[in-house]
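The data blocks that follow each hold one structure.
What follows is a pair of complexes built around chain A, which joins chain B in one and chain C in the other.
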Partner chain A sequence: MNFTEDNVREVAALARLKFDDKKIASMAEQMDKIVGYVQLIQDAPVDDLEPFIYPTELTNVLREDIPQESLATVDVLANCHKADEHFFYVPPVIE
Partner chain B sequence: MTWQTVIGLEIHVQLATKTKLFCGCSLAFGDAPNSHTCPTCLGLPGSLPILNKGAVDKAILAALGLECNIQEFSKFDRKTIFYPDMPKAFQTTQLDLPYCLKGGLEIPLQDGNSKFIELNRIHIEEDAGKSIHDHTPEYSCIDLNRAGTPLVEIVTEPCIETAKEATTFLNRLRMILIYLGVSDCEMSQGNFRCDANVSIRKAGEKLGNKTEIKNMNSFSNIEDAINYEIKRHKKVLEKGGKIEEETRLWDVEKKQTRAMRSKEAVNDYRYFPEPDLPPLIINQEWINKIKSTMVELPYKKEKRFVEEYNLPQYDAEVLIQDRLLADYFENVVAKINGKPKEASNWIMGEINRWLKELKKDITSLGVDAKNLAELINLVGDDTISNQVAKQVLEMMIQTGKSAKLIVDEKGLAQESNTEELISIINKIIDANPAPLEDFKSGNKKAAGFYVGQVMKASKGKANPKIVNQVLMQELSKR
Partner chain C sequence: MNLINLTAQEIKTKVLNLEISPLDIVEQFLNNIEQKDKTIGAFAHIDREYAEICANDLEIRLKKGEKPALAGIPIAIKDNISRKGYLTTCCSLSLKDYKGVYDATVVSKLREAGAIIVGTTNMDEFAMGSSCENSALHPTKNPWDLNYSPGGSSGGSAACVAGGLVPLSLGSDTGGSIRQPASLCGVLGLKPSYGRVSRYGLVAFASSLDQIGSFARNYQDLNLLTEVISGYDKKDSTSVQKDLNLNFDKDKTITVGIPEEYFSDGLNTDVRIKVEEALDYLTKNANVKTIPISLPSLKYAIATYYVIATAEASSNLGRYDGMHYGTRFDGENLTDSFCQSRTNGFGDEVQRRIMLGSYVLSSGYYDAYYVKALKVRRLIANDFQDAFTKCDVIIGPTSPIAGLKLNEDVDDPMSKFLLDIYTVSANLVGLPGLSVPCGFGDKNHPIGLQIIGNSFDEACILELARRFENAGHNNKIAEIA
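What follows is the complex of A and B.
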C-alpha cells in the first residue's frame, strides 16, 4: 500500500476534515487505488519534453486598472452564518 | 566564540494601483469594513480572476528599479491557506516561475565601504483580508476589503550580516519604490511589511537553523527585533541547545520575540498551478514602454546633485529623501542668480522647518519654486537682509503672496541710500557721545552700540553691511 492511513490523517488535518478510524481505513484504501491508477503517468517518458502547464494557448488575459462597483455590504454579509452590519463573525482565531 | 549572523529579508509591498489584483474592486484604506468586495475577491463559486495590467506595470517598474532579470514567461499558483481572512482557502501567488529573478541594490556600510545586497526573486501575489480579534470576545471579525490587494514580495539572498545593514537596505529599497511610484510604502498602513529570517553560524560552517520574525512595523522595531533574535540564538547555542525553526512575533512592548507557530513545511501549502489564470508573458516591448516612464533613481540623483550643483554630500542626501523636494530644489536653482548651495540652505533650513511645523508637503506649502527663487534673489541683490527674508517667507506662507509684493507692500527693502544713512549716523553719534570716546581710545567694539541704534532707527531696513562701512568711515572722521 502506497497511501497509508497516516497519509490520510495528515491530509485530513491539513484540509480541516475529521474522520473516525473506520472511515480513515476505507479512505486509505480508496486513495491508494486512485493514486495507484495515476501512478501510470509517472512511467511516461517525458525527459525531452517542455513542462506542459496549461491546456490552452491563452496568455496575458488582462484588464485595465479601472474600478468597478463592489457589492453592497448588506448583500456580502447576507449568507454569512453570523455577522453584524460590518463584519463576518468566525470562531476565534487564536495564534 | 565568534558567530557569523546570516539575515534574509522578505518584503511585502502593496502596489499603488486603483483596483485589486484580480477584480475591479477599488482599494481604499480605512473605509467601512466589507464595502470593497465582489464575488471574485470573496471567493464565491463561479467567479473568475482577471489579472490587473496596472499591477503588472508597477511590478515591472519595481524590477527595473532594482536591476532584476524580468522573466518573459511566468505563471501563477495556488497556495493553500486555511484562514478565514483568505476566503478562497488559497492565496494566488507565484511559486516556481516568478516574473522576476536576481537584481539587488548597493548600500553604504558604516566603515565607508559599500555592499551589494542581492535579491533572490520578486513575485506578484495577493494580500489576505484582515482578522480583528478584539472586537468581540467570542468571535474573530473578518474584513475582506484588503483581500486581493496586489502585492509584490521581494526576497533577498541570505547575505545580510547585521541589523543595521538590514535597515539601511530597507530604507534605500523603500525610497526607490516611492520614487518610482510603485508603492506609497506607508509602514503604518501596512503597505510595506518586512519579515526577517535570522540564523547564526560559526565562520565556514553550514547555515544554522533559522527563525522568521514577523510583526515589525517600523525600522527601529526591525533593528531591535533582529538584534534580540541574534542574542537569543547565541544564548541558546552557547548553552548547547538547539534553535527550533519557527515563526516568532516581535512584541514591541516587551521588546522580545515569542514563538507563534512552528514553521510549516513547504509541502503543507500544497501549491499547484492556478488553472484560472493563463501565463503572463512580459515581452521586451512591454518592458521598454515601462522603462520610458521611469524617473531618475534617488541615488543617481544624489550623485548628480554633488557633481552638477557642487553640493556637499550631506545636502544631496537630505534633498533626495523626498522626490518632490528634490524636484523643487532643481526648479529653484534654475531661477536663482546665486549658487545652488543657497537654494539648498533655504530648503534644508527654513522650508524644511515650516514643512515640519505645518505638517505639509512641498506642494501644499503655498510657496512654489518661482516664489522661493524670487525671495533668494532679493537677498542676493541686497534688497532685503537674510533676517528680513525669513519674516517675508513666513508672510508668503500665510498669505500666498509673492516675495516682491510683500517687500513692496510692507516697505521692507533695505536702505542703501548712503547720504540718508550718513545723516542718520551722525545724528545718533551726536546724541550719544560716550561710545565715541570709547571708540577713539581704542575700544573698537564700542561701534556696535551705533550699529544697533541705526538698525533700530531704520526699523531693520538698513543694510547691515553698508551701515558698518559708512559708520566706520564717519567715526574715523571724528
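What follows is the complex of A and C.
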C-alpha cells in the first residue's frame, strides 16, 4: 500500500479536511492508486538537474513607494459570512 | 438581420459601420443563449444586465467616433475570472455567492476593446478536471453529441463557441484545459506562453502553470482576441514585457517536429488518421517540412504535472476557510469551522487534489515527490529545448480520444488524468499551444490537432493555423435543437 487510511487521517488534518470512516476508506483507495502512479518520477534520471520552478525568469519589480488607491473596505467585507462596518466576524480564536 | 452565426470580425465590421447597434446584439444573442443553453448548459451565469451595461457604454463610444478592437462582439468568460460586483464562483459550492471585488485585467481589456460580456461559463470546480462534470452547478453537454462531454476544465467556454452561442470566449489552461475541450468541441483554443496574458483576477489553481487563453471558430477571430488580451501587466508579477507581434513571413518554410511518443499506443485510431491527414495536407499545401523528433521524457509528464499542480493547488486553496469570503459551515471551534467549511464546500476531485498536494509537500515526502518533480520538469524542458533546435513547432494530437462520454469512469480518478498526456508538457515548460479542428471521427465527434510553439512564438503557430484554414475545418457550428 502506498497510501493507508492512517495517511488519509494525517494529511486531512494538515489540509483542514474532515472525513467520516467511509470517506476515509474510499479516499485511501483512490490516493493509493494516484500515489502509486506518480512513483513513476522516481525512475527519472535527474540527479544533476536543478529544480525548474517557474517557466520564466522572475526578477524583483521595484517601484517608488507612492500611496495608491486600494480596495474599499465595504467591498472587501461584502463577501464575508458575517461582518460589521470594519471587521470580519470569526469564531473565538482563544477559548 | 440574423447575427448569430456571424464571425467575430463580421460582427465588428457591422457595428463599426453602424449597421447594427450593440443593444440589438445583446437582444439577439441573449435570447438565443437563454433558449439554447437549456440544452447544453454551457453557462454558469448568464448576465443580461452586464451585457446591456457593456452595450450602452459602447454605444456612447461609437457616437464619439471610437473604433474599439472588439466592438460589439459577444464574449463569454470562464467562471474563474473576476468581474467587480458579479458572480465568480469557480463552479464551486465554496464560492457559490462570491462576487468579484475587482475586474481581472483581461476583463478590463475586453471592456476597453468594446466587447460585450454575456456571462460566465461552466467549468470543472476550480478548473480541476477534464470533463466539466466536476462543476457544482451542472454538467455541460457537448453540442455535437449531447451524450458526450465537451471536455474540461473550460468545457463551457468551448461548448458555447461550438454551439454558436457566442463567437469568442475565454478559458484558462493549467494542464490542457483550453486545448482539450477545444479539440472535443471542434473549435480553436489557444493557451498562450506563460507570462503572455495577465493572470491578475484569475482565481489561482496552480500558479506556475495557469494561463488565460481564447476560443474561437476561425484563426482570424482567435488572433483578434489574442491581440487584445496579451501584454505586460504590472499587477501580475509573472507577466512578461514582450510585445505580441503576429506578423510572420508568409513565404517561410515552417519545419514541424513530429514526436514519435505522441503517436504511440493509447492513441485512438480515428484521431491518428485525422492528425496524419492534417500533416499530409500541411506538407502538400502549406510550405511545411516535417521531421521526426523525440521527447523521451513524455512518459514522466503526467506524474510530474500532478505532483506540481496539486502541490500548488493545496497551497492556493488554503485561503478558502470560510472566514473572509466563501461559504462558511460552522463547527465546534475555529479549527473545526475551517474543516467543515472546506469539507462541505469542496467537491470530491478538489479534495483529492488538495490531499495529494498536501501529501507531497508534507515533511518527509517533500524531497521525494515535490523537489523530484521539479527536477523532472527540468528534464522535460530540456527535451523541448533540444527539439526546438531542430524544428519551429511541434505537432501531434491534442487529445488521445475523439469523444468523452458523460458519466463514464466517474469513480476512477486516474482515467481522466491520463487524457492530459499530450497537453500537460506545454504548461510545465510554459510554451504556447493551440488546438485546431482537423475533422470528425467515425461517430461524428470532433478531433483536434495540437501545435506547440517555442516560448513566445505564438506568431508561428497562428501562421500554421492560417495555412491550415483552407483544409476546411473552421467555422463549424453544431446545431442545437
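Rule of thumb we're sticking to: the second predicted complex is superposed on the first by the 84 of 95 C-alpha atoms of A that agree within 3 Å, B and C clash if a C-alpha of one lies under 4 Å from a C-alpha of the other, contacts with A are read in each partner's own complex, and residues count from 1 in each chain.
Here is the rule we go by: a residue touches a chain if its C-beta (ideal position, glycine included) is under 8 Å from a C-beta of that chain, and two chains touch if they have at least 3 such contacts.
Note that the coordinates shown come from a computational prediction; the quantities given were computed from them, not determined experimentally.
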item	value
Contacts of A:Tyr54 with chain B and chain C, given as first, second, both or neither	both
Partner chain in contact with A:Leu14 - chain B first, chain C second, else both or neither	both
Touched partner set for A:Tyr37, first chain B, second chain C, both or neither	second
Per-residue contact with chain A, leading partner among chain C and chain B	C
Touching partner for A:Glu64 - first (chain B), second (chain C), both, neither	first
Which superposed partner A:Thr73 touches (first chain B, second chain C, both, neither)	first
First (chain B), second (chain C), both or neither touched by A:His86	first
Contact residues common to both interfaces of chain A (with chain B and with chain C)	14-16, 53-54, 56, 58, 61, 63, 71, 76, 88, 90-93, 95
Interface residues, chain A side, partner chain B - complex	14-16, 53-54, 56, 58-68, 70-71, 73, 76-77, 82, 86-95
Complex contact set, residues of chain A against chain C	3, 7-8, 10-12, 14-19, 27, 30-31, 33-35, 37-46, 49-56, 58, 61, 63, 71, 75-76, 78-81, 88, 90-93, 95
Complex contacts: residues of chain C adjacent to chain A	84, 97-99, 101-102, 193-195, 208, 234, 237-238, 240, 297, 299-300, 302-304, 306-307, 314, 318, 321-328, 330-331, 333-340, 342-343, 346, 351-352, 354-356, 358-360, 362, 368-369, 371-379, 381-382, 412-414, 417, 428-431, 455
Touching residues (chain side chain B, partner chain A) in the complex	17-19, 23-26, 32-39, 42, 50-56, 75, 80, 82-84, 131-133, 135-136, 138-144, 249, 260-261, 268, 270, 273, 275, 277-281
